[in-house]
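Labels run A, B and C following the written order; every chain starts at residue 1.
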Amino acid sequence: MIEIRGLVKQFPGTAHPAVEHLTLTIPEGDVCVLIGPSGCGKTTTMRIINRMIEPDAGSVIVAGQDVMRTDPVSLRRSIGYVIQQVGLFPHWSIADNIATVPKLLGWTDHRIAARVDELLALVGMEPETYRSRFPRELSGGQKQRIGVARALAADPPVMLMDEPFGAIDPITRARLQDEFLRILRGLKKTIVFVTHDIDEAIKMGDRIAILRDGALVQYDAPEAILARPADAFVESFVGTDRALKRLALIRADAAIEASGPAAPSHAIAAHASLRDALAMMLSNGTDALAVTDSGGSILGALTLAGIRAHTRSGGEANH
Amino acid sequence: MLLLEAWQFIVDHPQRFFGALSTHVALSAAALGLAIAIALPVGILIADRHRAALIAISAANIGRTLPSLAVLAVAMPILGTGFVPSLFALTLLALPPILINTCTAMRQVDPDIVDAARGMGMTRTQIVRKVELPIATPVIFAGIRTAAVQVVSGAVLAAYIGGGGLGDFITAGIAMMALPQLLVGAIPATLLSIGTDRLFGHLQKVLTPAGMRTR
Amino acid sequence: MKWLRNNWDQVLTALGEHIVISFTSLAIAFALSLAIGIWAARNDRVFRWSIAVSGLLYTIPTLAFLALLIPIVGLGKSNAIICMVAFSLMIMIRNVATGIREVPADVVDAARGMGMRPVEILTRIELPLALPVIVAGLRIATVTVISVAVVAAYVNAGGLGTLIFNGISNDFAPKIWVGALTSCALAVAADFCLASLEGRLRHRTD
């Protein structure tokens, strides 16, 4: 768990502080997304957590330890660090890159080799093939996978990620986001994830912290921010299509009605989102769909009215 | 034929020739070694000190334009003639390329790579030793190669200040218009210089880290 | 210094000789290197060959090169000029060729597409854009030539080296100082002028 209290940072020569009395608590195991327009202080805040930047005032407590009282070097070895350009070491093989922190911590060669292979498999890259390759032989997406593997190597409880998928093309980015969520499911890690992309924030975050000019504007779960934006800035930041974004977070089977018009002509899978359902209704000119499970049997019906009711009530959502 | 006469000269005066050759090589090797011992650490140390680096690189750039013979000649009134003044002057000539290349190469390492290394918990020394220096090695070594050729070529001129070496045969040959002797100096000196360039070129390839070799 | 005050005409003569032979060599080399460099820019084989030869020739020690020319051309200014032209050619051919080759292909393509003839493309587009690199080569060549000219005094080419050699053989330090320091000043001044020219040309194309 990460506790940030009254954090202040102003860079010399600037008119305005980069971070202004920021207070924020991230529960253990959460993915907290820091988001906001350029200059809002999200990257600065992240880099203060592992003391790549020193704060002017305030405290950061990571897993019960005050980071200001911890030696920066050993602090960083216990926190995973992923940056946008990855920064793979070109003169080292993939295996050596991944093994960076374990080597710094003095692990045995045997343990390191086993861990490297484990991580390569985890990020979906054949250990046999990629172990001894070099960064220049990899594509952008592959480099970022190795970046994530490298950050996970020493199994740190906390990870800092600064726009990790920002330099990747949109198709690969979506795939990497899915894979990363899959990887996280098995592990218990507290993640601080910086992005400027609201859709990525909604997809990746358990909680989103919206920052502006160094101050915290809203800190809540994605569906809550979409349903109840704190002010006009948040409203415009999340986009005028926030209603649709919310629908994308709700499963079709969450809005099922036991009874509906008999025999709807089209069906939709239970795990699809209400937004997909709405799109299907619009393109087929219908206002009711049958909701089917993976076997194909009908679980119930979904109506346009039912979707509208869900929007109005600001109802429950699940990923 | 001139070449045959030159060869005959070597056969007739083996000690003189090999004496001069070994002095030449010793002088060059010592000057290069000293220059590396001074310029390499300094280059690494000032790499992250912006102002010191700029001053050092500007000074070295000026040093690089100075005529070699002028530098050698200036050593004479101060240090006299012989091996030591020659060594001093040749070391001075070898410093600029090594210093400039070392400093520039260290500063040009991709900042994202250094940021990642720092963020993962490497100490400053570890970053220099494990990341910046290996990545900078090809360019640093190119500087050493340039310095090596400069020193071997410059050592020919050491003859003028009593430093010995193959230049002695050239100066004697010109003074006495004895062409064979002239060639005894000129041809081996040329071969030595070209050979040094080739040798260091090969070393440069060998010392480039595997991940960074252009295929 | 007293010697300097009494003998500044000697120094000026030497300086003049030095500048004349340097300038002559550079002018010849510049003209030749433009011709050969343009050819090398178009022709891959010539390019690779000229890079290889230039790399080789540039490592030959100055005095050795001058000495090797003696059996062929004897002593004197022509010996020195041949040597200096050879060294400068090597650097400048490479820079002319590389400079032209580095002109972005799309710029040349646009010029062709607009109906420029090859000669016009060369003179109005490629050479002007290659100018910073060419001047960079000229700068290295100039410094090299000044340095060679110092040594060339030993093969009776005149120049500031005569003061140095004279001073050494007569063990007369002031002459050594004047000769050495003047040649250093000349080299630094020439390098500085060409460096600012190079800088201004680079900024022009940014």
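As a convention for this text, contacts are C-beta pairs under 8 Å (C-beta built on N, C-alpha and C of every residue); 3 or more make two chains touch, one makes a residue touch a chain.
A quick note: this is a predicted structure, and the numbers were derived from the prediction, not measured.
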item: Greatest separation from subunit C - chain, by CA centre; value: A
item: Central subunit by CA centre of mass proxy; value: B
item: Centroid distance [mean C-alpha coordinates] between subunit C and subunit A, Å; value: 60
item: Centroid distance [mean C-alpha coordinates] between subunit B and subunit A, Å; value: 54
item: Centroid distance [mean C-alpha coordinates] between subunit C and subunit B, Å; value: 22
item: Partner subunit B, residues of subunit A touching it in the complex; value: 50, 52, 73-78, 81, 83, 85-93, 100-101, 104, 134-136, 147, 150-151, 160
item: Residues of subunit C touching subunit B in the complex; value: 55-56, 59-65, 67-68, 70-71, 75, 143, 146-147, 150-151, 154-155, 161, 164-165, 167-168, 173, 176-177, 179-181, 183-184, 187-188, 191
item: Residues of subunit B touching subunit C in the complex; value: 2, 62, 64-71, 73-74, 76-77, 149, 152-154, 156-157, 159-161, 167, 170-171, 173-174, 179, 182-183, 185-187, 189-190, 193-194, 196-197
item: Subunit A contact footprint on subunit B (complex, rising order); value: 110, 112-123, 126, 131, 134-135, 209-212
